[in-house]
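Quick heads-up: structures coming right below.
In what follows, chain A forms one complex with chain B and a second complex with chain C.
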Partner chain A sequence: MEIDWGLFAELFGRTFTFWWVILPAILLGLIVGAIPGFSAANTIIILLPLTLAMEPEIGLIFMVALYASSRMGAGIPAILVNIPGTAGAAATPLDGYPMTKQGRAQQALAISFVSSVFGGLLTTILALLAMPWLSQVAYHLHSVEMIVIMLFGISLIATIAAKDTLKGLIAGFFGLMIGYIGADVVYETPRGTFGFLELYDKVPLIPALVGLFAVSEAFAVIEGESILTKRGMEAMQKAGWAETWEGVRLAVSRWWHIIWTSIIGLVIGVVPGAGAAIASFVAYQQSKTFSKTPEKYGTGHLDGLVAPESANNGVTSGTLIPLLVIGVPGGATAAIMAVVLQYHGVTVGPDLFDSQPELAYGAFTAMAVTYAIMILTVLPLARYMSRITVVSTTYMAPIIISFTLVGAFVPRAYVFDMYLALAFGVIGYVARKTGYHVAAILIGVILGPLLENYFLRALRISQGDVMVIFSSNLGDVMWVMLIVSLFVPMYLDRRRKRQAEQAVPTTTDC
Partner chain B sequence: MSDENGPDTGKPAKKAAGAELVLPVAGLIFTIYYFTTIIDVPWTAQVSAFFVGTILIGLIIALIIRTVIQVRRGEASLSLAPLIAPRDYVPKRLALLGLTLSYVFFIEWGGFTITTFLFLLCSMLLLSGGKKKGLILTISLILSVGGYFLFIVVFNTRFPKGPVETMLHGVF
Partner chain C sequence: MSDFENDFSRRLFLKGASATAGAGALSMLPIQAAFAAAFPEQNIQIFVPTRAGGGADRNMRAFTSVWKNYLKTNFEAGFYPGAAGRVGYETYMGKAKADCYNLIFGNMGPEVLNWVVKKPTFDLNRFLYIAQVDQDPGIVFVSKKNKKLKNIDDIVKEGKKRTLNVGVSRLAHPASLGVVALGRHTGAKFNLVPLSGGRNTRAGVATGEMDFGALPSGSVVRKQKQFDIVAVFDKENPLPNRMKKAVVVNDHFGMKLPPLYAGARAFGIKREAIEKHPDRYKVLTDTLQKVYTDPAYKKAVKKTKAPWKYIRYGSPADCEKYVKYITDIGAEYKSLLTGKS
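So, the complex of A and B:
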């Protein structure tokens, strides 16, 4: 695959002429991304009659624009009301919501938009240029390497629960056990299902997300008149356009942070099945590990918001690479795009770049153009969106409960899933009140089935030899990286404490 | 998390560690239950869960030991206070939980629009203490009807359907 700059320029110009397709897709994507239970994949399925009736090129542009904007939309409720629209935005409220409570919602939204757009734009261009090489990543990652990637995910639990690692690990491993509920993949034996048929197919992620974040938050916020602190309310009432521009300035000043965390998203996005949730937490962990002020994470720290938002938008272009280059979808939305293209007689895979380059490269130019249009259309809305935080909890809590519970119903149309979300709400409420992090439980629920699948696959290939997990050179390198990423923060933390202790007597002497 | 014996009493604050044990105990019970469901199944269905479950049990035991030590030193108590604090909100929170359970129970028959309207109306009135009835009625009506049009009519989403949705199906 050689780079044809002339074709790229032509495609960019051509894609801009489809602004009339991109704009409604952006609006729709922002809405469905912001509502838990709705996703780009579900929406594309619902709109299949529309996309199938379109020309393949227009249909692809519509789907790509909807996909990219839904990723950004998921961060909006995560920042404003501590409820991620999708699991991919579950790391966003860690620092986004504390900013909101301090009355800095407008800045947080602007930072999120700029990080998302520049992270997404950069990785789209990188994906376009490095596609031949990036597509090879998926070939080198087998079950052993994937086990280490999953363990990277679990190590995040300790990072998130920095205040009490033991409680953080308990929350995470409890989540993993919940993630193990369901029939096993080989013999279909039901395990830990309490006799519910609805749990045979594992614990559905949306009810877990809705319960842990939304329902528990709604029951917690009724203690106050507003989700904002007193100072936060004063700041919000004074907020004007200047706060949006301040957010843009703060995000742009972290340009290097946006670059490297979005690349984490791109690389993880290339791995089929890994997804935005893992990418955003890995980026958050790495950001904290290499930060000079890790103690500020979780308190409304800007880098803690930039990292997950850049990474989860980096995933968006990453998931298209295996689909277009080797014909393997990197995620649910990519799989649906493949179905739509196949309906039009377009076979995704390496031949597509020769037979229909306008489609193969066009997917990425459409994404780049979407991001470019999105920043112009979404940024001015930050000021108005942030006003939602001044709404009294008297109205907000019931609205959150009803609409998110119905959102839990949507993916499978089981009322059981609404009860399940309520059960997760109780778990989340207890967790919040007793100092366990709900994000750690959610990571466990997400990673549980993935870890088990890769673990079983590796063991079956090795005929039960556990040492198989050290049988690959790449895997061994990743093991070393995992151990380093676990112990470096502990070492740095200890060094910082020692330095602080040494500083105290010096100050006293003065 | 609230502490017992705050500055008012003159005694050092005690951590309410009893509440911190609720989630681990639930996790422990669930893990033991999970193990009972996999005892007689092939090893492929056991191995990963036994690995994770054993680590979880080990972590919970470590927390229990830490708590016992803290209680014996007088640094913590087995109080469950943080779970219900602030106490003034307990009746409201329980009533809201009851309303939420009723919402989920009735939505299967009542459908989205009417059940959501009633839930929003009742729960907002509960939280406001019966004030601003007109505003609450308007908000509940706009959101339930707006939700019907946006999600069921426009997006054709699989929302719970009842008499209102069935009746209006022919119209929209």
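So, the complex of A and C:
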């Protein structure tokens, strides 16, 4: 695949002329991304009559713009009210929401927008230029390697547990146990479903997500008058446009962090079946591992917000690569986009680069142009969006609960899922009150089934030989990296503490 | 694209958007009930026991896009994936009203086979398939990038040297049974790895994690640049021009396997609905039969890149015969499907 700069330039220019499609798609994407339960995938299905009425190229641009903007939209409620719009934004509130509580919602939103846009833009351009090489990633990351990648994400439980090991681990294992509810992937045998048919296809993510984060948050905030701290409220009342610009400055100053965490997202996105949830947790875990101030993660650390937002937007372009290069969609939205294009008579796959390059490359230029337009349209909104945090909890809590229950219902249209969200809300509330980390439970719920899936597949391939997990050279290298990334921070942390302890008596002596 | 085309498309887009909004608004008005006297008076719900975006979705949408013209109503699809189709069927049987406004669109091959392995909670006699839509044989396919395995003989030869990993959608699947039977007959060792759906199975084979795969042909034949179909479990190669390398397993290996239709999608309904509303049922069956001969349906199928040759009407009696046939095969291979062999 040779790089045709002329074609790229022409495509970029041409895609900008479709601003009238991109703008409404961005608006719609931000809205559906921000509402838990809605997603780009189910919105594209709902809007099928509209996309079918469009020409294939316009339909593709519309879908791509919707997809990219929904990813960014999911981060907005995660930051403002602790409700991740999708599983891909589940790591965003870990540091985004504490910033909001401190009255820095506007800054947090600006950081999220800049990280998302630059992460998305960079990885889209990288995907466009390095497509032949990136597509090779899928040929090397098989079940064994994916097990290690999952463990990178799951190891976050251990780092969360660092403050209170027993409670952290109990929460993590509890989440993993919930994650294993449902039919197994080999013999389709239901386990732990308590006879509920609704749990056969695993515990649905959205009710778990909104229950653990949002409903429990609503229960918790109702105890106070505002979600903001006293100082946070003062800061919010004083906040002006300068806060947005400060957020932009802070994000731009972390340009290197945006680059490498978005590349994590891109690489994980290329693997069919992986996804934004894995990418954002792995990026967060890696960001914390290499941070000089890991102890501040979870309290409103800027890098802890930049990492998941850059990574989950990096996934967006990544999922299109296997679809276009090997004809296998990288994720659900990419699969549905392929179906829509098929209705237009366009078969998505490697042939497309020869038969209709304006569509094959156009998917990426559309994504790049969407990100470029998006930053201009969404950044000025940060100030107004952040005002929601000053709303009294008397109104906020019922609104959160109603919205999230609707969100829990939407993906599968089961009333059961609304009850499930409430049940998870109670679990989350109890966990908060008793010092068990909600995020640790959620990591188990999200990544547990994926880990099991890859593990059972690897076992099936090896016909039951557990040592299969050490059967690949690349996998072995990744195991070493995992162990290093787990134990080096612990060693450094101990060394820091030792040095601090030694420094205290010296000061006293003086 | 010229400015004219661009403007034209913009107008079209706005038209489409207004039409969608308008249609939405109109559907909320109460005039529908006043004018409609006969069946159907409201939209028909279709329960699909698989995920949106898959083969069943494509197939169902193509069919209903034409059927709606005869019924003068719209179809609303609900997707209920999980446990090899069990969630969809159990939900349909448990929650759908027996009023002919609720149908299920399933795949008689793998889903009936799954009932052999695990009996559903509902009485199978309460349910009936009313029209088969397609008949798609199971096939064996390899990635074009696979340098060792280029045809079925390579697969069998290699399978005699080492155990080959075979990507399949589910264990309880007609295509999976074909591979097991082939292994038994030739002495080749095949290890079935269920990958939950056609998309994941194609991914497993394309990325080289699986040595080869077995699926219904329709989900692979559209991807001729990536895959070669090397064998078919049918009486003959139904698409010799599109599956040039495919041998008929029975002919090639001297086997006597019955045709293994891995894709046999069909509409189903509760028997109670037929008993309570025979007039409605008649409207449904009369109109759906017209779809098969409608050129618009052929066009819609071709748009999905599915082979038109596979579209085949099957009456309720044909469906019942097929269900019995696949049940018998399942009973024969039950131990393999449950891992208790």
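By our rule, the second predicted complex is superposed on the first by the 507 of 510 C-alpha atoms of A that agree within 3 Å, B and C clash if a C-alpha of one lies under 4 Å from a C-alpha of the other, contacts with A are read in each partner's own complex, and residues count from 1 in each chain.
By our rule, contacts are C-beta pairs under 8 Å (C-beta built on N, C-alpha and C of every residue); 3 or more make two chains touch, one makes a residue touch a chain.
On a predicted model such as this, the values are computed, not experimentally measured, just so you know.
Q: Name the contact category of A:I222: first (chain B only), second (chain C only), both, or neither.
A: After superposition on chain A, A:I222 lies in contact with chain B alone.
Q: On the A-aligned overlay, A:R460 touches which partner chain: chain B = first, chain C = second, or both, or neither?
A: Both partners.
Q: Tell me which partner A:Q342 touches in the superposition: chain B (first), chain C (second), both or neither.
A: second
Q: May I ask you to decide whether A:W20 touches chain B, chain C, both, or neither, giving the answer as first, second, both or neither?
A: It touches chain C, and chain B stays clear.
Q: One more residue to check, A:A413. First (chain B), second (chain C), both or neither?
A: both
Q: Considering only the touch criterion stated at the top, classify A:Y187 as touching first (chain B), second (chain C), both, or neither.
A: A:Y187 sits against chain B and chain C alike.
Q: If we overlay the two complexes on their shared chain A, which of chain B and chain C does A:A423 touch? Say first, second, both or neither.
A: neither
Q: By the touch definition at the top of the document, which applies to A:E55: first (chain B), second (chain C), both, or neither?
A: So A:E55 only meets chain C here.
Q: After lining up the shared chain so the two structures overlap, which partner does A:A130 touch, if you call chain B first and chain C second: first, second, both or neither?
A: It touches nothing on chain B or chain C.
Q: Which chain A residues lie in the overlap of the chain B contact set and the chain C contact set?
A: Residues 186-187, 189-190, 413, 460 of chain A touch both chain B and chain C.
Q: Considering the complex alone, what residue numbers of chain A touch chain C?
A: Listed in rising order, the residues of chain A that touch chain C are 14, 17, 20-21, 24, 41-42, 45, 47, 49-50, 53-55, 57-58, 138-139, 142-143, 182-183, 185-190, 197-198, 200-202, 272-273, 322, 326-329, 332, 335-336, 338-339, 342-345, 347, 349-351, 412-413, 457, 460-461, 463.
Q: Which of the residues in chain A end up touching chain B in this complex?
A: Listed in rising order, the residues are 38, 43, 46, 166-167, 169-171, 173-174, 176-178, 180-181, 184, 186-187, 189-193, 215, 219, 222-223, 393-395, 397-399, 401-403, 405-406, 409-410, 413, 415, 418-419, 422, 427, 430-431, 433-436, 448, 451-452, 455-456, 459-460, 464.
Q: Please give the residue numbers of chain B that touch chain A in the complex, ascending.
A: 1, 19-20, 22-24, 26-27, 30-31, 33-34, 37-38, 41-45, 47-49, 51-53, 55-56, 59-60, 62-63, 66, 82-83, 85-86, 89, 92-93, 96-97, 100-101, 103-104, 107-108, 112, 116, 119-120, 123-124, 127-128, 136, 139, 143, 147, 151, 155-160
Q: Per the contact definition, I'd like the list of chain C residues that touch chain A in the complex.
A: 1, 6, 9-10, 12-13, 15-17, 19-20, 51-53, 57-58, 61, 78, 80-84, 86-87, 90-91, 94, 114, 117-118, 163, 165, 170-172, 191, 193-196, 199-200, 202-203, 206-209, 222-223, 225-226, 303-305, 338-339
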